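Read through the structures below before going on.
Same chain, two partners: chain A is paired with chain B first, then with chain C.
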Partner chain A sequence: MFAEIFSIAFQFADVFAFLILAAAGLAIIFGMMGIINMAHGEFITCGIYVTVICVQHGVPLPLAQAIGALSAGLVGIVLERTIIRHLYHRPLDSILATWGISLMVTQGMLIVLGSSWQGIGTPLGSFAVGGYTFSTYRLVLFGAAVGVLIGLYLIYMRTNYGVMARATMQNADMARALGVRTQRMYAISFGLGAALAGLCGALYAPTMTLIPTMGITFIIESFVTVVVGGANVLLGTAPAGILLGVVRTILNAWYGQIAGQIGLLITVIIVIRMLPEGVSGWLSRRGG
Partner chain B sequence: MGKSGRTATLCGAAIAASLAMAAAPAMAQQPIKVGLLEDVSGDIALMGKPKLNGSQLAAEEINAAGGIMGRKIELIHLDPQMDNARYQEFARRLLQRDKVDVLIGGITSASREAIRPIVNRTDVPYFYTNQYEGGVCDASTISIGAVPEQQFSTLIPWMTETFGKKVYTIAADYNFGQISAEWTRDLMKKLGGQVVGEEFIPLGVSQFGQTIQNIQRANPDWIMTLNVGASQDSFFEQAAAAKLSIPMGSSIKVMLGFEHKRFPPPALAKMHATANWFEEIDTPAATDFKKRWRAKFPNEAYINDMGYNAYTALFMYKTLVEKAKSTKKADLRKVIATGEACIDAPEGKICIDPKSQHTSHHMRLIGVNPDHSVRVIKDFGLIKPYWLGEIGCDLTKKDPKEQYTPTSLPKK
Partner chain C sequence: MATEPVLEVVDLRASYGSTPVLRGIDMRIGKGEIVSLIGRNGVGKTTTMRCLIGLLRATSGQIRFQGELITDLPADERARRGIGYIPQGRQVFPRMTVEENLWVSRLVGRGDGRRLTDLVYQHFPILKERRRQSAGTLSGGQQQQLAIGRALVGNPSLMLLDEPSEGIQPSIVQMICEVLRSIRDQLGTTILFVEQNLDTIMEISERCYVADKGSIIAEIGRDQLQTRDAVRQHLLI
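Let's look at the complex of A and B:
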């Protein structure tokens, strides 16, 4: 019995971690800047490939993962300075531009890096509970997801940057009038979002097939979570992760992955219908 | 008729004759246009690229040896990117605008079924070069890859005998996975075995925590793995990380997706498959073939069975055209009907079966070792594609253009 309960909890944690890690970067960029970043998957891929290259050159995995996340962040900042900043008041154009970047990066990687690489293998081994065996690394992923949520809370609620970033998000003109360098806020936010996407890729790199298009496998989950969560990453992403995680875990366990996938999408449709601004919009309206 | 009239006639005749003489060698030099539809980008690019390479190698070798009846092969390749709508669009473009003489390609069974009706409205023969779930009884389609009676009817009895009677199937959720799972059910029933679990996975899914647990709960003797695409292949890494160490069987793993080269050992240890080709075959003909391939494509990660089949398909086409002395589908089919449409492929002599237009193959059962080397466990020799003929498909008499499965048989 304990084994069954543990198994369900473990699977929930696993689904939750995937949703949060996949969505965090997208949520920041969307929530802070109103940019719908179609190149989100490519930041994830960037984190994955940098991590793998580092590991192949003998860098220990945790350090390689940090480098992977940082390099995605750097790429993000460069992209923001060169392309994205011209598109802040043109949301539709920004979709097109980031989608174009995504296509070029994917195809460019396919041509330069080839269609597949050998994986690096999952570390940390496994443990058994009752009749089930589990990959220990999956607990690291869950820990990282919780860590990302706590870290974001601390950054946005407890630091100077956080206060200025939130001010910029609420009213950019007023913030600028009060001396906030909003351009820099945007660059840092975009970089942070890209770095979190890179972190997601870096963390999942050991567990997956390595192909240039693998960022796409995170896309459905990340967009679904952001849509359900709404624009406020602090209020929305975690509840959205819990809601979708519960739905998916239960359906996966009872009827298999197809039901899980269908359930996920139906939940989004219902949420958009009932709460057009997502969970965070609903929460902040109740609060306000 | 006056003198000038006669001269004019003579001139006319001379011009006509000279035109005819000029046209004759020009006709002979018209290349044979081969339309290729292979996915070289997207989720299955890593399998599609060797297919394109195989066709290019075959075309190069055939052209170097004088072409087909003196005509060079011209490959026209389009990349449908695993998108079935694009498959249909590109098939129409190749057939109508480029007017290809033959259409080759398609990876997933979904893509094949998407373009089959389009090919059927033309006189162009279509070669499908993958192993697949079997059952297509269609006069336009010539299948070069292995089919279930060659892959499942060999593998499943051996797995059941060796590991036990309880199987768990995981399969990609589209026609290939569904029909292959049906074959597994059907054969297990005949063998007195039991399918203790069956899970269909949407394409593109990459997380398998729950699936792994479901398998452990069902506690099978072995797993039939029919997951498709790079995302779904993540199952192997995640199962190995969770210490799911149960023997596995498949009709597509190792020789097709070379998972044993893509995942670090021992993720694919205990995998078993039946194949007409895998790169580790070391017969003299196979070694020679691999040497030629590697000379042209030194960076190929793995020469997979799809690539190999694509290579043999062009030689099969050459043989058909030369025997028929024509590129017309009806004439090629007359050659197939004689039962003598055979070539000496790197695996050995293979022939097209007149009733089903599928190909006989030399089948071997292979197993992956803990270090991911591959061993041959059993050699089944040449196996003919007999199933369609047995259930009543005879393309020499009737062309139903249908795909049959164990539960969807032709009406008697």
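Let's look at the complex of A and C:
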């Protein structure tokens, strides 16, 4: 009995980790700047490829993962400075531009790197509970997801950058009139969002086969989590991850992966209908 | 006005799209003065304030602050040079606590933020009492106190207030007037405020500019400000 309960909890932790890690970067960029970043999957892909290439050149995995995340963050800052900053308050244009970036990156990678790339193995082995075997690395991923949530909370609630970023998010004009350099806040936030996407890719790199279009694997879950969670990453992303994690785990266990995926989409439709601003909008209103 | 000008505005013009709103604003305000900008609704008072802080770009004209030309500087740079802005409707950060609202100014302000925060709490004790409360849950009067306190923590040389008495009960308005006077006396802060409330104008203004159709049409001196009718005629809608 314990093994079955542990198995369900493990599956929930796995789904939760995937949703949180995939969505955190997207949620920051959307919540902070109102940009729907269609190139989110490519930042994840960047993290994956950089990590794998580093490991294949002898860099230890944790360091390679940090380099993967930082590379994506750096690319994010460059993109923000050159393209995205001209598209604030132009939501449709920003969707089109980031989608264009996504297509160019994907096709460019197909041409330059080819259709597949040798991956790296999943580290840390496995452990058994009852008659079931579990990947130890999946627990690391769950820990990383919780770590990302705690890290984001500390960054946004306890640091000078966090206070200025939240002020910018709530009223950019007023923040500017108080002396906050909002353009810098946007650049840092976009970089942070991209770095988190890169981190997601870096963390999942050892678990996947590498193809240039692999970012798409994360996209549905990312957008579903952000839509359910709403614009506030601190208030919305974790509850959305829990809700969607429960739905998906139950449906996966009872009816299989496809039912789990359909369940996520149905949950989004219901949430959009009942809570148009997502869980964070609802929580904000309740909190006054 | 005998003192050196802290703010000098020359033929300031601005538009919303193709519609001109400011058609030549001229003002000269000395250090430590409390000056009001009055006029009927829609004559460009708020637009003038937005232009002065840099949230709206001037199409022509000049703004000099402490002798330096700031017409083309962005709003954040003007704030960092010492212009504090309290907008119409307060615009506190609603989902941040009172303390965090003040913290934002402390981070970018020019003075000893801790001392200025204590000064704000001293002037507005209700803010200290509610420092962990979300700003959005405060009453209108408390939000106005927070908006003034938030600007004050940045240690401004010039404070721009847009209708500080709007929608606030008279006792709080009276208290705000006293605090503004006290800030001027203690810190030497220059104050320019837009106002429609005759009592507030007469309570603290030392001088008054009258705006109409986007330009300054008259200046009311200290002597004339003692006469209600002299001011009232410019506020009639």
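Keep in mind that, in the parts below, the second predicted complex is superposed on the first by the 288 of 288 C-alpha atoms of A that agree within 3 Å, B and C clash if a C-alpha of one lies under 4 Å from a C-alpha of the other, contacts with A are read in each partner's own complex, and residues count from 1 in each chain.
Convention: a residue touches a chain if its C-beta (ideal position, glycine included) is under 8 Å from a C-beta of that chain, and two chains touch if they have at least 3 such contacts.
All figures in this text were calculated on a predicted structure; none of them were measured in a lab.
Overlaying the two complexes via chain A leaves chain B and chain C side by side, clear of any clash.
In the superposition on chain A, contact of A:Val163 is made with chain C only, not with chain B.
Once the two complexes are overlaid on the shared chain, A:Ser284 sits against chain C while remaining clear of chain B.
In the superposition on chain A, A:Ser116 makes contact with chain B only, while chain C stays out of contact range. Rounded to the nearest 10, the superposed model shows the Cα centres of chain B and chain C diverging by 140 degrees about the centre of chain A.
When the two structures are aligned on the shared chain, A:Ala175 is found in touch with chain C, with no touch to chain B. Closest contact between chain B and chain C, by C-alpha atoms in the overlaid model: 37 Å. Comparing which residues of chain A touch chain B with which touch chain C, the overlap is empty. Those residues of chain A lying in contact with chain B across their complex are 7, 10-11, 14-15, 18, 106-107, 110, 114-122, 125-126, 128, 131-135, 137-138, 206-211, 213-214, 216-217, 220, 249, 252-253, 256-258, 260-261. In the complex of the two chains, the chain C residues touching chain A come out as 53-55, 74-76, 79-80, 85, 87, 91, 93-96, 100-101, 103-105, 107-109, 134, 136-137, 150-151, 154. Within the complex formed with chain A, the residues of chain B that make contact are 40-43, 45-46, 49, 173, 199-202, 204-207, 209-211, 213-214, 216-217, 219, 230-231, 233-234, 237-238, 240-244, 261-264, 267, 299, 301. Put simply, chain A touches chain C in their complex at residues 160, 163-164, 166-167, 170-171, 173-182, 284, 287-288.
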